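You will see subunit A twice below: alongside subunit B first, and alongside subunit C after that.
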Partner chain A sequence: MSEALSYFFMSWTDPYLLFLTAAGTFAGIYIGAIPGLSVTMAVSILISFTFKWHVNEALALIAGIYLGGVYGGSRSAILLNIPGAPAAIATALDGYPLAQRGEAGVAIGLTTVVSVLGGFIGIIALAVAAPQLSKLSLLFAPRDYLLLAIWGILLVGSLSGESMAKGVFAGAVGVLLGMVGLDPLTAEGRFTFGSIQLTGGIPYVAAMIGFFGVAEVLVQLHHLGVTPVKQNVSKILPSWALMRKYLPLGLRCSSIGVVIGALPGAGGDIAALMAYDHAKRTTRNPSRPFGEGAYEGLVAPESANNAAVGGAYIPMLTLGIPGDAVTAVIIGALYIHGLKPGPMMLIETPHLFWFCVGNLTLANIFLLPMGLSGIRIFAKIVETPKPILLPLILVLSAVGTYAIQNNPVDIYWMLGFGVFGYFLKMYGFQVGPVILGIILGPLMDVSYRRAMISTGDDPLAFLGEFFTAPISAVLVVALAVTILSQTSLWRALTGRGGGAKAPAI
Partner chain B sequence: MDASRPRVPGELVFALAMLVFGLTALWQAWRISGLSSWSAPGVMPMVAAAVMSASALVFLRNTLRSPKPEIPAGSSLARQFAHQVLPLPIVMFTALIVVYMLALEPLGFIISSFAFLAASMFTLGSRRIVFTLVISALSLAAIYLVFQTAFSVVLPEGVLRGVLR
Partner chain C sequence: MSYRKLLGATALTLFAGLAAAAYPDRELTGVIMWGAGGATDVVARAVAPHAEAALGKKVVLVNKSGGTGAISTNFVNNAPADGYTLLYGAENPQLHQVLGIADFGYEKFYPVNVLGRGVAVIVVAKDAPWNSVKDFVEDAKKRPGKLKMGSTGPGGLPHTIGSMLNSVTKFQVISVPFDDESPDLTALMGGHVDMMPVGSGAATESIKAGRLKALSVIDTEPLPLQGFPNIPPITKEYPEFGKYLPWGPFYGIWVKRDTPEDVKATLTKAFKTAADNAQFQTLMKDRGNVMMNVSGAEADAFLKKWQSVTSWVLQDVGAAKVSPEKFGIPRP
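Now for the complex of A and B:
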């Protein structure tokens, strides 16, 4: 226990780690707030820069950026009606009307407080649930990992795109890309077309930066002419009465956020939409009608999306299965640092777990003062014109891709995936499932074959185990419910007003 | 949602291309090991490729059912495609990226990145010449310093080999 505590406080006492966490949180707020820069994009670019660092330093920076970025999106949503990040789509619905009434200061203050509240709920859930889940995960058989991986891809595919078919397609493309290279069990080449380069597999950092960085930049080129409106902000700290009033709603929505975040694949953006929907259905007398500047409409999504961060760490640290697109990228980072995310990680490297928990807590504490200050300067930075911003993102993407193995060929991969991702986005596909597929594809492949081999290549026995083993049976039911409820869930998610588009992961 | 939205120009061709992509992948996956056993290396690739092909078929069917793209009088499908999907800034920007990638190694990071930043900022409509050049130089200096020192990334030096450091 004392050891766990010492790892918990490691980033609090080491000045360098403390600095990295603060810098990450600070940078995250701005990255999240600037429309066109996403947390996923920033984290994927940063991974290649930090791979020479010690893993703790990389994780400290990334945790700060992740938590700060999920929060930061709310600022531009409130001030400019442009959600800086997908997780802030629901925030804009009531935040911008508040700003139009001249209450932007209060809106930002309230958002900051409930974001920090949600963040803490998420971290507590992570600290309590992950060790338990980790014990349970030792009972998971290979077929259960197969089910979890399929469930994750289906969840993100069905909830975030235009249609389930498109989500499934994107997921399958990712799985296929993930299997290029030497087969991990027999060392046979798969989809290598006789190329030695391809036996090492697709350079997945190049793929991540391509899909999240380059493709997004290309899509943003459609909105070059959009000029943001200037805003005034004065009073920021919300009153105690206001905070007390919304505490119960904040707590309820935080728990929604934790659960959604912990589901494989579904992250803060979906959690925020679900929480907004929950608030809309359960609040009898909102401060103003929803969509016209209701405080409830800010509290719900903002507490939920920050709670989802802690939630998303749960499956990542216990099962090696990403809770959302950002954790999918972090898993990639852990692999690069020679760690194997999975059920053994908590047992073999418990310090890493407590380090992550302590680090997230620290980043969350930083969020409060940083969120309540610097709003005036902020308004200037967010107004950076796109013709300046987009080329810079591209240079960062190129450097990030190049840095990973000093190989210019990787930059071609990056551009290729970027252009492919651009067309996918233009025709209503999401790129999130592709990245989940690339990360989960090899896991699915190996899990499936271990499960099949363990039954002696008997497909009937293989199928039978899905229903006779208790954990598998539960997962099969969850999978079936996801597929069946997809149509009604979909309607519930898209039926909201404001013309909010489907969240892009 | 799919059925009510008119097709984006080129969507039908894209759907067909994705179906071909899926089927080609299926054929390539079959060539890995065929169906020699249930746990052969090629089974999961075949499953993934089959799922791809099947969902591409659904996508194609939905696209065929949705209304044709709206084409204003005097325009053509090709023009609408260029207008909605591949407008000139995107084509030019992508072309600049390709030139940048090709120049990165021979010219080195600093020269090629500066040229790329300035050229693409102009292309995307930044009209203040001095401002654009200064912003390019300053941001490039910041990127270079941060990544050389904090992240110790080795960037291609190109023609400036030996000049710096």
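Now for the complex of A and C:
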């Protein structure tokens, strides 16, 4: 036990490791904030950079970048409406409206605090329940991923804005875009029209930057004369009362983040969207309607995506199986440093586990002051005159899109989606459901087909398993309750609903 | 300033003939055909620092995944043949033709170094009733279409090995495709599939931990596991399998075929040194790969045999979209 403790505090007491963790966290925040620059990319570049270092030094730097980067994505989502990373998509939905109201400072402050909260929940789960959670993640069958994706796609209802029909249409467009490329199961081309470029599919980060960033810039061109709202930066740290109020929601969403993060087939982006949906459904009186700057809309996704970091470490450290793209790269780094990731790692090198836990904890502590510093300056970005700000966003969007995979074609996609997104917005369609469709469409597609193939294409056996397998049965019940709770019958039965806001129909 | 310019211009004319000898005089670009964290990516990033040391210039690595590697092969094929654009690849392009993904494979490129090849093992869950591949195959014959094999899609490692086994002894299983080996292994441990062929590097640690049971290694020699019984070779149960071996995924570095000879020689020498590096060799071994470190004609012969064996197996089980005959790929 004392040995575990000494490894836990190793990066706290060694000045060089302490410095690397701090530097990583700081760099991560800004890498995460720039759309297109991803944590995955930064960490993989670090691999050939750090191969001569000691493994602990490399891990310290990586843990900092990972935690900082996941948090950093919220920064550009709030200030510019461009999620810095897919995990920050849900953050843009309420964060950007807050910045438009002059509350960018509060939004970033609140985001930082709940991100740190989520980070801690993820780390605690990793420290105390890693073996149990990794067992749970093994039990998730393809049909359970299907149920998760269906649960997630219900969010279209919340993101539709003025018209449900338009939301469903936008979601379907997203699903269609997600289908482009080689069929993941049969390698057959779908909507590729014989083009090699299209076989790789449509890069969804390019779509995200286009639909959010560029489309917003184009819409803003209509309001060039409008003076930007003065940002109120007198109060940044959320009050204790506010924190206490959002603590239960933050804890619930963190648990969602941990579990989804620990699943090898789903990461922080899906966790954040599901948490947002959860908040939207369970919050009876949000600080403002969702989509117009509800604090709950920040608390949910931001606590979930940082909790997903600890979650993603769970299968990596216990089974040698990555929980997401970043942990896949970390596994590569461990190999390069001569370690053998797998179930034996916990037995042969138990200190590594405690080192990682301690290091993540340290990075998470650094996140608080680093995230809170500079908010006053950042909030000013929103006050920048539009003739300066809008071209800058366009340049940033182009650079970020090119950086995803160094492919100039992606920039055309991004611009194309920007123009398309502009017209969608002008005609009252929301762009959120499009991105939701791009992310969840392929997950539904492959999970459904995998589940069906697994039963030997027997529809009865396929349906039966939803009720006979314990995890599936739980998910089915939860899904049914979620859907039923939105009906008027449920409201009449429970007598709630009178004061609750009706969902946009 | 003009004096310097003049000097520069003179030097340029004088040494124009030697310019190639001065290769490399600027940094190189290395295009990795798979994404960050994948097997190809790890091997590429592990060998790169040693090659940089030998070349004296930086190799800037970029991941250009997509089209199972075709985006990268196209990119490098369209770059100038000056040795400044390297392709870090895996086995996939050798199947691009028969899978209808592209109309060329590695024959357009010069193998600077085929670093090593992976060895596959056939694994089942720890408490599975089968103790040999034969056990499994016989059970599958008794219950056709009931047992599930994890795969990664057509042309992937599990699918190809499944096809080879099927051409040796006919049996019928459901092949459930996953995105890559990791979710596949998760599914196997969780009991969602019954068996899967997998790269040994991804499985050995789980075998040692007793989470997976290894039935056989796809090679002619047993696979030693430190402190554990050897994994028997597939040829022990199915000697006919030997005609496909050695078979496995492989990793290497390519440049365009018409790159100047002296540039090829410089690169070949640098990567040979890099692949000889002890640290790199340990990494390859830890990941379950067999070092090859071959280049030029020797590598070409290996690539040709691999392409011929695999293409025809896929053709014979009906997984090929275009017959290998069309591209003049000879039947082994």
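In the analysis below, the second predicted complex is superposed on the first by the 270 of 505 C-alpha atoms of A that agree within 3 Å, B and C clash if a C-alpha of one lies under 4 Å from a C-alpha of the other, contacts with A are read in each partner's own complex, and residues count from 1 in each chain.
Here, a contact is a pair of C-beta atoms (placed from the backbone, for glycine too) under 8 Å apart; a residue touches a chain by one contact, two chains touch by 3 or more.
All figures in this text were calculated on a predicted structure; none of them were measured in a lab.
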Query raised in the report: Just subunit B (first), just subunit C (second), both, or neither: which does A:Thr186 touch?
Result: both
Requested in this report: Mind working out whether A:Met444 is in touch with subunit B, subunit C, both or neither, as first, second, both or neither?
Outcome: first
Query raised in the report: Touching A:Ala266 in the superposition: subunit B (first), subunit C (second), both, neither?
Result: neither
Requested in this report: Check the residue A:Val173 against both partner chains and state whether it touches subunit B (first), subunit C (second), both, or neither.
Outcome: first
Report task. For A:Pro387, decide between first (touching subunit B), second (touching subunit C), both and neither. Result -> first
Requested in this report: With the two complexes superposed on chain A, say which partner A:Phe423 touches: subunit B (first), subunit C (second), both, or neither.
Outcome: first
Query raised in the report: So, A:Ile453: does it touch subunit B (first), subunit C (second), both, or neither?
Result: both
Requested in this report: Name the contact category of A:Asn406: first (subunit B only), second (subunit C only), both, or neither.
Outcome: both
Requested in this report: Classify the contacts of A:Leu396 with the two partner chains as first (subunit B alone), second (subunit C alone), both, or neither.
Outcome: first
**Report entry** subunit B/subunit C common contact set on subunit A
**Finding:** 52, 185-186, 406, 453
Query raised in the report: What residues on subunit C touch subunit A, complex-wise?
Result: 35-38, 41-42, 45-46, 48-49, 61-68, 70-71, 74, 99, 101-102, 145-146, 148, 153-155, 174-179, 182-183, 185-187, 189-190, 192-193, 204-206, 208-209, 211, 279, 282-283, 286-287
Report summary line: Touching subunit B in the complex, subunit A uses residues 49-50, 52-53, 162-163, 165-166, 168-169, 172-173, 175-176, 179, 183, 185-186, 188, 190-191, 214, 218, 221-222, 224, 385-388, 390-392, 394-396, 398-399, 402-403, 406, 408, 411-412, 415, 419, 422-423, 426-428, 441, 444-445, 448-449, 452-453, 457-459, 462, 494
Query raised in the report: Quick one: in the complex, what on subunit B touches subunit A?
Result: 1-2, 5, 8, 10-11, 14-15, 18, 22, 25, 28-29, 32-33, 37-39, 41-45, 48-49, 51-52, 55-56, 58-59, 62, 85, 87, 89-90, 93-94, 97-98, 100-101, 104-105, 109, 113, 116-117, 120-121, 124-126, 132, 135, 139-140, 143, 147, 151-156
**Report entry** Footprint of subunit C on subunit A - complex, ascending
**Finding:** 40-41, 43-45, 47-48, 51-52, 137-142, 182, 184-187, 196-197, 199-201, 264-265, 315, 319-322, 325-326, 328-332, 335-336, 338, 340-345, 347, 405-407, 446, 450, 453-454, 456
